Structure formats: C-alpha cells, structure tokens
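Notes follow the structure.
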Amino acid sequence: MDRAALLQLLVAVREGGVEPAQAAEALAVPAVADLGHARVDLDREARLGVPEVVYGAGKTAAQIADIVGAIAGAGQSVLVTRVAAEVAAVVRGRHPDLAYDQLPRLLWRKAPLAPPPSGPPVAVVCAGTSDLPVAEEAARTLELFGCVARRFTDVGVAGLHRLLAVLPELREAAAVVVVAGMEGALPSVVGGLVRAPVVAVPTSVGYGASLGGLAALLGMLGSCASGITVVNIDNGFGAALAVVRMRQAGWLGRDR
Amino acid sequence: MDRAALLQLLVAVREGGVEPAQAAEALAVPAVADLGHARVDLDREARLGVPEVVYGAGKTAAQIADIVGAIAGAGQSVLVTRVAAEVAAVVRGRHPDLAYDQLPRLLWRKAPLAPPPSGPPVAVVCAGTSDLPVAEEAARTLELFGCVARRFTDVGVAGLHRLLAVLPELREAAAVVVVAGMEGALPSVVGGLVRAPVVAVPTSVGYGASLGGLAALLGMLGSCASGITVVNIDNGFGAALAVVRMRQAGWLGRDR
Amino acid sequence: MDRAALLQLLVAVREGGVEPAQAAEALAVPAVADLGHARVDLDREARLGVPEVVYGAGKTAAQIADIVGAIAGAGQSVLVTRVAAEVAAVVRGRHPDLAYDQLPRLLWRKAPLAPPPSGPPVAVVCAGTSDLPVAEEAARTLELFGCVARRFTDVGVAGLHRLLAVLPELREAAAVVVVAGMEGALPSVVGGLVRAPVVAVPTSVGYGASLGGLAALLGMLGSCASGITVVNIDNGFGAALAVVRMRQAGWLGRDR
Amino acid sequence: MDRAALLQLLVAVREGGVEPAQAAEALAVPAVADLGHARVDLDREARLGVPEVVYGAGKTAAQIADIVGAIAGAGQSVLVTRVAAEVAAVVRGRHPDLAYDQLPRLLWRKAPLAPPPSGPPVAVVCAGTSDLPVAEEAARTLELFGCVARRFTDVGVAGLHRLLAVLPELREAAAVVVVAGMEGALPSVVGGLVRAPVVAVPTSVGYGASLGGLAALLGMLGSCASGITVVNIDNGFGAALAVVRMRQAGWLGRDR
Amino acid sequence: MDRAALLQLLVAVREGGVEPAQAAEALAVPAVADLGHARVDLDREARLGVPEVVYGAGKTAAQIADIVGAIAGAGQSVLVTRVAAEVAAVVRGRHPDLAYDQLPRLLWRKAPLAPPPSGPPVAVVCAGTSDLPVAEEAARTLELFGCVARRFTDVGVAGLHRLLAVLPELREAAAVVVVAGMEGALPSVVGGLVRAPVVAVPTSVGYGASLGGLAALLGMLGSCASGITVVNIDNGFGAALAVVRMRQAGWLGRDR
Amino acid sequence: MDRAALLQLLVAVREGGVEPAQAAEALAVPAVADLGHARVDLDREARLGVPEVVYGAGKTAAQIADIVGAIAGAGQSVLVTRVAAEVAAVVRGRHPDLAYDQLPRLLWRKAPLAPPPSGPPVAVVCAGTSDLPVAEEAARTLELFGCVARRFTDVGVAGLHRLLAVLPELREAAAVVVVAGMEGALPSVVGGLVRAPVVAVPTSVGYGASLGGLAALLGMLGSCASGITVVNIDNGFGAALAVVRMRQAGWLGRDR
Amino acid sequence: MDRAALLQLLVAVREGGVEPAQAAEALAVPAVADLGHARVDLDREARLGVPEVVYGAGKTAAQIADIVGAIAGAGQSVLVTRVAAEVAAVVRGRHPDLAYDQLPRLLWRKAPLAPPPSGPPVAVVCAGTSDLPVAEEAARTLELFGCVARRFTDVGVAGLHRLLAVLPELREAAAVVVVAGMEGALPSVVGGLVRAPVVAVPTSVGYGASLGGLAALLGMLGSCASGITVVNIDNGFGAALAVVRMRQAGWLGRDR
Amino acid sequence: MDRAALLQLLVAVREGGVEPAQAAEALAVPAVADLGHARVDLDREARLGVPEVVYGAGKTAAQIADIVGAIAGAGQSVLVTRVAAEVAAVVRGRHPDLAYDQLPRLLWRKAPLAPPPSGPPVAVVCAGTSDLPVAEEAARTLELFGCVARRFTDVGVAGLHRLLAVLPELREAAAVVVVAGMEGALPSVVGGLVRAPVVAVPTSVGYGASLGGLAALLGMLGSCASGITVVNIDNGFGAALAVVRMRQAGWLGRDR
C-alpha cells in the first residue's frame, strides 16, 4: 500500500467511512503460533493455499509433536516430511490420528473439511525401482493436497519401449513429475513427448560420478527439451507443491 | 500402443474398417527437415504446442539462416536464442522479416496466424538492473508464445519495501518468473507471498563466491519456500517455456 | 520406419500381401513384466544380447527376488550387482539356485542354455590388492556373459617391473580392463604398451585428495595414451559389459 | 619495536634508567602451559580479551580435561565447543564445576571474577527450528563472555511476517547474528532492514543441493545487502566471538 | 506492529488522538525512485545509515548515470563500485562532480553535508602488492562514509617481521580489514595478535590451486583464530561497510 | 622377460646359438627421434598400430612442423589435433602436402601406403548442430585410420523420432560414437537400443549448470544403459581411437 | 640401456669377457612375491632404499598378514599404515613380533640389521592437538627408516609466540614436516622463518568450509612462502618418506 | 628467546658484559625497504638463503621496477616470475642489466658475487612439449640459485621406453623435478624408479576433465609411489626452490 492510499484509508477511518476493525484487517500482520522453539505460520494456508509443511529432519519428536498440535489445532492439514520411523512412532503417541508411511517417510493427516482428490490426473513417472521413495513422496503429497496422482514406475530410458508404452497415458496428464537418478535423462525424453508442464526431480540414486544426485541435477538443468523445471535432489515433496501451485493458479484463472 | 491394440488396428485395416492412411497417421513418425548440419523437428509444434526453438550459441550464421528458413517455411513462429549482434545481422540479411533485440540477444518472427497475447498476466520479476537481459529474454519469449508479460525490475531483497510495494500486482499474476543473481534470495521471499507457480531463474550476475551463478542456483534449489522450481543459470527462455507449458495444460484442463 | 514405408506396409496388409501378425511383429512394442514396483525389460536380451541386469543398491530383498523371478522365468541369465550379504541371503531363500560371491557383491545364475566361456582372453588388470572387489566384479561378469577372463592383480606403476613382467600376456588379450584407484595412472601406462581396447575403471580406493575416486576418474579421462575409454567409479560391471558389446560386434562382423 | 627504539631501550637498561625486569616485561614472550599433547596459550586472555577456547572435536576426554585444568588453574573462563555428551561426562568427572548443554554441545565454566552480562542486547536470529543448536552455541557463547543475548527463533523468509513482527526488537540490537541453512536468504533480508552489524552463520541444515551448508555459505557471501560478514558453516561460536571483538573495540573506543 | 497495537492506533486516529499524517508516517512504505530499469532505494540512508551503493558491473553507462542522478538529487553520497575507466568517463560526462580512481575502480561523490572522517583509525592491512586494488576499495569506502583509514601494505606472513613491525599500530585500530590472496593466512595471524574485530577479504590473487580466490576464502572461513569474519572474494567494499555498520552500532550505543 | 628366459638367451648368445644382433633386437629399446623440444615415438605405430598423434594445443607452429617432419619422414600417417587456422597455415608452409579442416581443427596426411577405409561402418551420432566440430573430429580420425564413418547429425532426444528414424542404420554399425553436450542423455538412449559398443563423447556445448561439459560427462558416466564407455570432454579424436583399437583387436582375433 | 651399449654387452658375453650370469644381473627384471591377491615388490628396498610399505585400508587382516610375511621373510623392515585396532590384533596373532600404535594406526617391525636413528634431527611440527595422529604417523615413520624425529605439538598460528618460542630449535632441523588442518596457515609462516625443506601435510581436522582438509591443502599449495611442498591430506607417512628420500640423496651426495 | 634468557641478556647489558649494540643485533627486527606499494624483505636472503622473489602477476611495470631496484641495490640476486613480454620491456628500460626469457616468462639478474652452478645435477623431467614453459621456469630458477639443472623433455608415460632410455641419468640426479599435465602419471612412475626426492609439478596442459590442471594435481597428491611431494599447478619456480632448500639443508648438514 503506497503512502497516498494509506493516508486515504486513515482519513476514511477518522471520518468514519471505514471501521477501525476493517482497516486493521487490511493492515494487520497475520497470527503466528509461538512455541518457543518454533513460530508456526498459521496464516500460510490463507496466504498460499497450502498450510505450513514441517521439515522433519533435524527436529526432535517433541518439537514435531508440538508443531503438529498447533497446525492441527487450527483445523489445517498436517504434513511432516523426512520423518524416521522411530520419530514417527513417538509423534503418533501424542497424535494418534496421524498416518505414517515408511517408504516416503511421510507423516500426515488430512484436514477434516478438505475435499477429496479431483481434477485431471498428474503423472508421477519414476525411472527405476530405487527411485520409488522419492516418487511416492511426490504422489502422496499431491493426493493430500487434492490432486489425482497416477504412478508410472520403472520406465527408465535404457528400455525406451517401457516409456513409449505408457505415452498415451502420460499425454493425458495435466502435469508430469519425473523422478530419476543416475544420469537423469528421463525428463529430457518425456519433455520432448508431452506438452504439459514437466517438473524434474533428481534423486541420489547412483554412485561414484553420480555425486549423490548432482549429476542428475545438472543434467536436468541443462536439458535440451525446453521448459522443464527442476527441484532439489530427492525433493518429491517440492515437485508436488509446484503442481499444487499450478493448479491453484488455474483455478483462480477460471474464476477471472 | 500395445501388441493387442496394434493387432486389432491391423486386422481392422485388413478388413477395411480402417483406411491405411488413417492407420498411417496413427503410427507414422513425424516429418523432419534434414539440412545436413541439422534435422529440424517440424513436428514439434503439433506435438508440444511450441515449434523448435534454435539455440544460437555455437552455430554459424549460415547454419542459423538455413534452420530459420525451414521453420518459417513451415509457417511456424521462429525464435533463436543467444545470438550475437553480428550474427543476427547476417541472418537478417537472408531473412529481413526477423526482429532482433540486442538486450536479450533474441532473433524472432511471430507466425502469421499466431494470435496476440491474451489471458492472465505473467509476472517477470527481476532482482537488479544487471539481471535485465535474462528477464527480458523471459518476457519476450512469453509474449511471442501468446502470454501477457508484466515486468517488475530491480526489486531485490536488500530493499524489501520495493517488493512489498508491488505485491498486490504480483498476487494477480497467474505465474511468476523470478530472475536473480548473487545470493538468489528473491524467489524464496516471493514464494512465501504468492500462491501462483514460481519459476526461479538464477543469473550469472555476481563475482567470487557467486561462482558464475552456481550460488544463486543452489540457493534457489534449497529454498525454504515450498513448490518453487528452478531452471538453468541465465535461462530466461526456459522459464518462459515452463509457463507456456502450464498455460497449455490449463487450457486443455478447461476443455475437459 | 518412415511414413512412406509404413503406408506401403499397411497397404500390403490391406491387400493381403502381408499377414497382420507379421506386421504386428514388425511394429509391436516388446513385452515387459510389470511387477508393480518394477517393469522388467524381458526384451533386452533379444535387443542387446544381454538380459536386464539388476542394480541391487536401494532395492529391498523382496523387490530383488521378484525381479529375479521374472528374469529367470523367461529363461535368461540373472545378474544382480551391489548386493549386501544379508540381502543376498534373503533372496537366495526364495531362489536357491542363485550363486553369491561376497567380494564383488554379485548374485547370479547362468542361463540353462548359455554356452561356456570361449574366445580370446580378456585381461582384467588391477593396480592394488584394495582394488580387488571391483576387478572381481568385472571378471565374474565377463565370465557370466561368455568371455574368458584372465586376472592380473597388484601390478601398480610404483613397481613397474611387475607390470612389465606380465606384458607379453597382456599383449595377447583381446581387450584389457584396467582397474585402479589413487592417481589412476595404470591405464595410461598400459594404453601405451598394448594395441587392444583399454577400458579403465577408477576405484574409490584412496583418501583425501583422491576424492572418493574422482582423482582417478579425471586422470583416466585426461590420459595422454590415445583411445582409452572410461566407466564410472567402481563400475567393474560396466567395464565388463563394454567388452561384451565389443565381442558381440565382432561376432556379427565375422558373419557379414 | 624497531631497531632504534630497541637500542634506546637497551641503552637505558645499561645506564640504569630502566630496570632489567621492566625491559624484560616489554620484550618477553608470553607464558605457555606445555602439556605434551597441547601448549595452552594462557596469555591469550590478556592479549585478546578472551581466553583460549578449546575445539573439542578430535580430542580425547583426557586431553580436554588436561587443557581445562590448565585454563581453569589460571583463573580464566573455560569454554569447550563440539563436545559429545559421553565425552562431556568424562571431563566433568574430573571437573565437576563445569556446566554442559547438549543442544549446542558446549562445556563451560564462567571465571570466578567475570562480570555478569551487560550492555545493549545482541540479537541471535534463527531461520528454522532445525538451526537451533547452532544458534544456541552463539547465544551461550555471547553470554559467557559478557553480552546480553536475545533469541529470535524460526523467523525464516518463507513467512516474512514472522520476521517483520520482531523487526522493532531487531532494530534495538547492537549486533545481529543470523543463523540459517538451506538457501541462507535470511541475512540478506535482515541486512536490508537494520543498521547494526550482521554476522551470518550458514548451517548444514538441508539436503541435496544444499551441499552440507555450502549453498547457504555461498549465498551469504554473495549477499546483495552490503556489509554483511560471514563465518564458517555451523560456527555459532565464531559469530559470537566476532561480536565480542566488536564490543571490546567499542569499549576501548569510548575511553579514547 | 501486532494486530492489537494496530487496532489501538486506528482507534486513536478515529477518536482524534492521533493525526492521520502521524499514523501514515508510522505505517508508510518508503519512497522509491523508479527509473524503469532500476528502482533506487532512496530510503536506504535513513534506514541503514548508508545510501544505496551501485554495483557497476553489468550495467551500462547510461543506466549508471541515471541512478547516480537519482541518488545525488536526493542529496546523498554517491558510490559506484567496479566501474571500468571507459564507463566512468561517460558517466562523468553527465556528472562532472564525480571523482574516479582507476586502481579500486570506484566512482564517487561525498554528500555536501557529510562530515569529514573522524574517530579511531581502522587498519586496512594488505598481504601483497597485487592485493592493492581490493585494499584500496576498502580504504576509500571507509573514508567516504566517515571513517579514518590507515593503510598497511605488503605485510604477508612469508616475512613475518614486516607484520610484527607494525603490530603496535594495528593494536591501536578499532577494527582491522585484512586483505590477502593465495593461501589467505594473514587474517589468522592478525586475529591471534589483536583484540579488535577482524574482517577478512580474500582476493583472487594467485593461480592454479588458488582457484580464483576460493582457497583463500575457505582458509579464512576455517581460521583457527576465533571471531574472524569473512566477506566475498575481492569485496573490499563489503568489508568497509561491515566496519561502518559496527561504527553506527557503537555510536547508537553511546547514546543509550 | 623373466630372469630364467633371459639367462637362457644369454647362454645361447655365448654358445653361438643366437647372434648378438638378434638378441639385441629382442631386448633393445625402440628408436626415438629426439628434436630437443620433443622426443617423437617412432616406434608407436609398430607397437600400437597407430603412429604418435600430435596434440597441437600449447605447441608453437615451429614445434609442430618439426614433429610432423619426423613422423612423415618415417613414412607414417600424420595427425595433429586442436590446430588453430593460423598455426595450420604456418605448418603447411613447411609441409604443403598436409590437409587442414577448420571445423574439427585437424591437420593430417595419410601415409603413402595406408589402405583405404574398409570394413563395417562406424556410426558417428551427434545430438545437435553445435556438437558438429567434435563429431567431425571423430569421423575424420576414423577415416584416416582406415574405418568407414557414417555421420548422423542433430538427432538429440528432445525430438526422439529423429533418432528412431535412423535406428535401423545405427543397428548396422559395428560401433557407435555418440557426441552430445548439455545433459548428455543421448548415449543412454542409444545404448538401450543397439548391441554394438557405444563410446560417448561429452561436449562443452551448453552454459551455466552444464559446467563446460562436466554435466554431460557425469551423466554419461552414470548412465543406466550398461556397457557404455566415455572419453574426455570434446575428445572426438579419443573416441575414434578407441574404435580403432577395437578394430585391431578384432582383426587379431580373426587370425587366431 | 641404449641399443649400442646393449649390443656391446652381448658381444662381450659372446666373446667371454662377461659371464652370462653377470649380464643377466644387469638386465634382469626383479623378483616379486606373487601371493595371488598381491605381488609384493621385494626389489623395492634395493631400488628405492625403502621396502614396500603396505597401505592397510581396504585390505583384510589375512591379506595383510600374508604380505607382511613376504616382506619380513625377505629380512626387510615392515610398515603397514591405516590399520584399525581390530585388524592389527588379528595380524599380530600371526606375526607376534610386530608393534602397533593406535594413535597413528601403524603396524611395524624394524628390520633386524637396520641401524638406529641417527643424523641431524627432523622437526615434526603440529598445529593443534587434534592433528596429533597424523603428526605421529610422520614421526614414527621417520624413526623406523633411520631419522631422528623431534616433535613440536600445538604451535598453531593463532598464538604465534608458541611457534616463535621453538624457532631456534626448528632452525636446527635438517627438514621440517608441518602438519595442520583448518586453514593450513602454519607452513607459510614456518617457511618464511627457516631455510630447510618444509613438507606440508594438510589434515582433515576442521568442519564446514574446511571441506575435509581440502581448504588446508589448497592453502598450502598456494602458499606465499617459496619452496614449500605438499602431500595428500592426512598423509603423515608420505611426508616422512619425502624426507627419507632427501636423506638418501644427501648421503649419496656426500660420497661423490 | 624465553623470559629467563632474556632477563639474563638484559642483566648482562646492565652489567656491561654485553654491549647494547650486540644485544640489539640479537633482538632487532630485520630491515625492510618500504616503497609505499611494497615492503621488500631485504632480510630474506640472510634468513632463508634466497632473496625475496617477486611474483610479477598483478603488478604494474613501475611497481616491479621499484622492487627490483630495492633488491638489486642490496646486492642480491633478482628474480621476477610471470612477467609478460611487454611488462618486461618496460622494466628493462629502467634496469638494462636484467635478462628476460619469454618461454618461462622470467626476468632475472644474478647477484655479482653469486658462485656459478655446482654440485650434483638436478633432473627436470617434462612429460610433453606443451609442458616446456613450466619446466624451463624450474630449470632456470635452479641455475640462478646455484644448482646444475639437466633437462629431459617429452618423456611421458604413453611411450614408456622414452623414459626408460634416460633412467640411468635420472638415477644420477640428486633430486628430480617432474613436470606433467593431463593425467599427471609421470611422477608416480619416476617415483617408483629413483630413490632421490621427487617434486611433482602439475601443469594446466589439457582440456575438459583436466580442469585446468586440477586432475594432474589430485593425481600427484594421491600417488601410489611413496614420498613424492607436490607444488601448485604450473609452479615450476616453487619446485626449484624446494630443491634449493634441500641443498641448503644438506650443506649445513655437512658442516655439523
């Protein structure tokens, strides 16, 4: 709000045209739950369409349980990523309504009023069996936030016909999340075959010159297929959120 | 197409239910213009919605002119990226209807039948004046492929109020391309403030520990704001294409 | 198949000159065993001469056992790389006819109809005792796929006479796989002494500036001996497969 | 001391104007406690204002206990960084008056005559809950050496209002230590909002492209906010000491 | 400002206790000069004590001249860093009152009302003659913003007595900026000898394993002397600003 | 030669069964042309089947001309790589019978008695037009040393049908050299489709995260297609020599 | 031996002037103990003055015991580096006369006839207590191979007087091994104070930007003190051997 | 000097047993020529045996000429490294008695009283013709400081017999400087064949994965030949100085 508009608003408050409460609403900073060790951003769902998602690594079970309590208490969906099984067990001791899946190491609870998944499918394509945990992190996150996820596993480029066999289905997807380690070639090939957005997720699968996923990451960034975007290594969650953002923008778009 | 479906199709051809030409259409590999030094993918527009875009670096003016001729001859939009001014001059000697802009080093021609830009605006946000060439590459590419681009220049995080001042406009955008060098912090801040897709473009602006854009790239990949995606360093073109892909998917989506 | 040839084929099908089943064979995508967590490429042996080899790292014992079942069920040779002893034990519980060797961490079974190793010897040269697991991965893989492997252990360049002593034998080999860690100098020396193909395998043996095998890898890539090729760090399997490819090409060559 | 001044001093000693003991004081090298495995710099407190702080990593409990004995025996404050809990237990067996805090892994004892914390507050700002151990290392070190530390936890840039909410308090601080992992954007934002010194501490929080804290480090070094300084990854202790140095300089300054 | 305080303020406006203009002052976003290619942060001097400093690299002379005009027009000090001589000549054609020094590549003008340098000296210590441009960038920036800079050139650790000879003077400084390339050992040595803040500036002087300044940077970050802080490679300007921040904090401190 | 065999030979010499000259032949070190600045390895052709190839970078025209003279004087084929046009002109002033091609920067002369190219074709596959210089270096080197090279240009994975269109021809090749920059995905795709040896050549085509060809190199090394080998970035020459080595080994093989 | 000399020798053999056994001695390749998993270079002591030293990492206890047996059986000194305590226990079960020291992880036995340490002292200087294992590896190796080692522990540059206090002793040393982690500044300082050879050993002591010793390594390589040489990270053994080489050369020198 | 000794000295001064001038000599800091832009360490020759050598890169011709004047004026040998031809011309305009050699880019003048080269030869071995500038920098530096240098050019490991041919001469050398780029394998091979000290110099010769000499550097550091030491990339000068240090130590040794 620039200075002129602000002055105008405040004059209106003075003159009674605008109620103080209304003006406060327009100017107020959003509420935050301060837990001492964390400030939970309860405004985030209103602001971004998705509540604060908790990064579980490096946090104690007690810290996670506190944060989960604050988010759930506000009636929002809960998602904690990168949670080890033993940590999850402790947290679920305090929050028994949470679900946990060990493959993608996710801990979550759908908000009571959240609608079921709907809309066009999002493809989650995975190059090899070893990449499954990351792909599943993406697929589950998509489903938690209302998207329909369709999984395509082990369709790496070394056996191209496996990919070509599912191409018609991929072409029906509104977006494609492509998960691949090693040389990370799959997004380039997919990107040259579909017109939908392609979000590439490099994984740390591989050894030696794969450099813990850096080779796949660099390859995806330098892809010769245009318009592919990339997220961090093993970040299936982030790729799903990127698609959720697209969906929100489209929905807004339809309203305009 | 799996083996059963294929057999079914071929039986139908044998029995006359399907014309050979129809079947050929379904099975055919697309045409390619073979120039000796290049095989121009004239099918790409039909397949991906966007024609083949020419990567100008490392090609001679003669090679570029030949490729441009093949694409334009097929009635498609022409875009060549990373073209030095002297190379552009030679190419335009053979193709006078091409436009050239030295700031983003783009050479292009809109297809005769291409519709004008329309739809919700896409914000192109740029952290500093030195990042302008990359931002302009993104904005022009968006416009060439039918999007409305709105430019926000020099709103880096060191003077946060400059960003907050334009926040209402950013929140109206259907997608935000964020271009930043040095520490690349801007996409994280923007991503925490808007719900639309954020495509981050690191630039090579900076020195020393900026490592030619790697610091910004790594920072953007590790962003604490969820759902941000990243493209290669200085790749304004790629970010624009990512948005074009989103738009295509949304349009299809609306039809379903 | 280009469009004209395709049309011709389909017209022939229509006119009865070609049977639908024949045409299907020419056009069909190959069969795949879909196990849910994996799509096993059963066509690979027909296509490449070598069946799909399973990368064991990052897969559960159950997943490996399923995949092994699919490959063995198709009558093909089984090879699983990078299998820990405890994983191997579980898999062998379900597939007792598999062999396991802990040094190279390989799990395998020769196909029933596979011929015994034959042809000219392939030398597997190893710079130090610590490099043995990788060298053995190469040698066993060669033997599984029909090559005669001859092992030369601990002939590093710091005691050059050890290498010179075996030079006549090396010169008889049809190909030389050279396995070395630390500075990776051995392939350059061997490459200057023999005329056969040299496939260099850097290993992660070393510490500090060896950077987990990167120093050896970079050194081998920059070798001053011409025509040496390189595979990933610790990838003895890959080097063996490269030789198997050479053998297949030569065999085809003889037929022509 | 240059040669002329030295000669003058020595002539004065010869002539009796200066006592030998006085001259010795001016020229002497400082005392050191030689423990065999360590030479403890007991002169450091007199020279730098802060006693030698022990880097605990890579030292045995016995070595640490010896060194602690030497420092405490000289009446100085004791601080040992990066001490695992089991090591701390052994050391405290020999020095029961030491305190230990597991979160920042610090072991310490305030010197008997050390004054309590005083002066303007120093803000310790921390981007996320996972960064707490490093932030606490900074805050405790500040307090041990006489500064008033004020903690601001979990104010990362993805929820900017959390930071803006505490901005007035930040602006009151005489210095700001900013602790952040992942993309390390927080110091840039803080640096653009406060005029006090900002010492940035990258943390190893993050994964993949965060490269163990390197991404945050590089980002902070390339910050577009002017005058920010940086310490090593996870080095909360070092950031605190940098502020202690500033404080000492200011105090001297006031005297002049 | 939290919601309660905000409401209280607005009620006060409504009731007449606070004038709208007063409230606007407290809430307003600061003014910005929008030049199209740049948004100059004219509020920065009020906010941070130092006006916006222009990063000259990657900007055209025309862009720089425009920005300089906006800053000078607001009566603030002008500083542009990394300006090539030919660019400086063009800018000075439009702004003849600017000074330029080719060694540090700085372009500047002191604000009309700015006070002369004063206060305790700041030492700028430089390891070798080749590091002079960076050291001079630091020294000049210090002087422009009111500090007294004292230069100590070519006192690298290979001839330690050169450093020890100036130690008494270094110990009088309120802060020490240490500029060094190659192995960057000088800050560690200085940091062990003085109690004032030490800001280390690695330079790109060196070759081969110096990696363009990275070796010096990493060395300074890992310094065994406690409390040293580091800025980007060749960033003499940033080191000076860090000291200016310290000075401002001290001055405020004295007021409290 | 081991000690026993050596003793036996020498006894034979003593006893007259072997002439000294014969023994000398068996034991002698090979001749070398010592030019002062170079020792040309004239024995290499006899030893490795290919004469010494001159690495042109970093050598003066005079040095190259001298070395060429020595090799040509021995009746061997001449090949100099990485020769700038102006250097080539000087060398050809002294050796007018050399040919030069500016695209691959090669300078060469076929040995008078060398047979023409023959045998099964070797495919040289190139991902994009910008990779042509490297591909041409490979193709020409193959031809110089007697192989039949077949070129396939601009068949990158972003338009997969371009590759599939030439697949039947690729499958006829005895070996495939695959040249690709950017993400370097092409060798993985080719390796999954052909059974012949695949030698991958990463190129420095690309920018930003392509890191001068490192991304392509790392990707190729981590390829999920088995048995692919890799040479240095832009090293078309080395890939060709690797194929020449294979050919030599096959020829020997046929004789046994 | 060049061809002429060789011919001359062989003619001499023919004519009886040289005995075959003598000639064999001059020409023979040295004996090697082939253990299957290792080829022990028993000639090395005669050739290089120091027997083969066993790199213990990556070898089994059984392999080490075999190799030790071969070396000891030839009457040579035994040294095995990087041996874990549990491995050492097994090896000593078979070779009870071996000594083991856990700090430097060395396993050794002096050859029966080896003379005691003698000659001028070699200084082993160590920056911090955490660097002791590496320093001790150097000192013990020196002693095993006949040098007098004098240890100087914990004399890092942050407390320079500790170093200056021992400077007279350092200046008496015939060579100085300097062991340091973190920023690795100590060799530069020492190199500027003594005229003897300085061999620098970077250690992996440090964290974050120390990059496992790379920062110290790079710093030492770029040292501004002339004539310092460097060995691999943590390679105390290698530094000692470098001094042993110098000693051998000097001894030869005295004879001439 | 410790406190007791110091006190004793000063008492002796007081009592007349020691003259003040004598004591001053023992305690004084050495003289330095302060040129403003440089502090020339004129004490270095007395302290280290070798005068200060000027690093020419990054210095102006005027600065170099001033420094040369100071060193020459003190009667010491002058050596400036990395001097471009045009800079050298300017410096020689002021100091016509300097010699310049463009190949190693050295500018020098032998001190009037310096003795001619003498003693056992030092071998300077060079892998390829492209490494000559670095090797020549080493050889000339050796000669300037009194060593006899013997050059062996182009003896890389790809043609091993070239090295073996000169082995007898190498074995006569008191030290061997080995200069190599690309994979840097030569020092390992030489180190396994000679007992003298081996100083390895990696060069920036090579491309792609050679990484500007880093591959050679890393390889040399990880050499499997024991006791090899390494200097910075292209640092022929440093290798020579390392040998000069060895020589000085040996000479001192003989005196004891």
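A, B, C, D, E, F, G and H are the chain letters, set down in written order, and residue numbers restart from 1 in every chain.
What we mean here is this: contacts are C-beta pairs under 8 Å (C-beta built on N, C-alpha and C of every residue); 3 or more make two chains touch, one makes a residue touch a chain.
Just so it is clear, the model here is predicted, and its values are computed rather than measured.
Just to note, of B-D and A-D, the chains joined by more C-beta pairs in contact are B-D.
A repeat of the D-E interface exists among D-H, A-C or G-H. It is G-H, with more than half of its contact pairs matching by residue number.
Centre-to-centre spacing of chain A and chain B amounts to 23 Å, using the average Cα coordinate of each chain. One simple way to say how far apart two chains are is to compare their mean CA positions; for chain B and chain E this gives 39 Å. Mean C-alpha positions place chain C and chain H at a centre distance of 49 Å.
Residue positions of chain A touching 2 or more other chains, listed in rising order: 2, 29, 55, 128, 158-159, 165, 192-193, 208-210, 214, 217, 221-222, 224, 226, 232-233. Listing the residues of chain C that touch chain F in their complex gives 2, 47-50, 53, 55, 119-120, 165, 174-175, 192-199, 217, 221-222, 224, 226-233, 237-246, 248-250, 252-254, 256. Of all residues in chain E, only 1-3, 6-7, 10-11, 13-14, 16, 20-21, 23-24, 27-29, 31 touch chain A in the complex they form.
Those residues of chain B whose C-beta lies close enough to touch chain D in the complex are 127-128, 156-160, 182-185, 188-189, 191-193, 206, 208-211, 214-226. For chain B in complex with chain F, the touching residues are 29-30, 32, 36-39, 41, 43-44, 52, 55, 57-59, 63, 67, 82, 202, 204, 212-214, 217, 232-235. Those residues of chain F that touch chain B in the shared complex are 128-130, 132, 153-155, 158-159, 161-162, 164-165, 205, 207-210.
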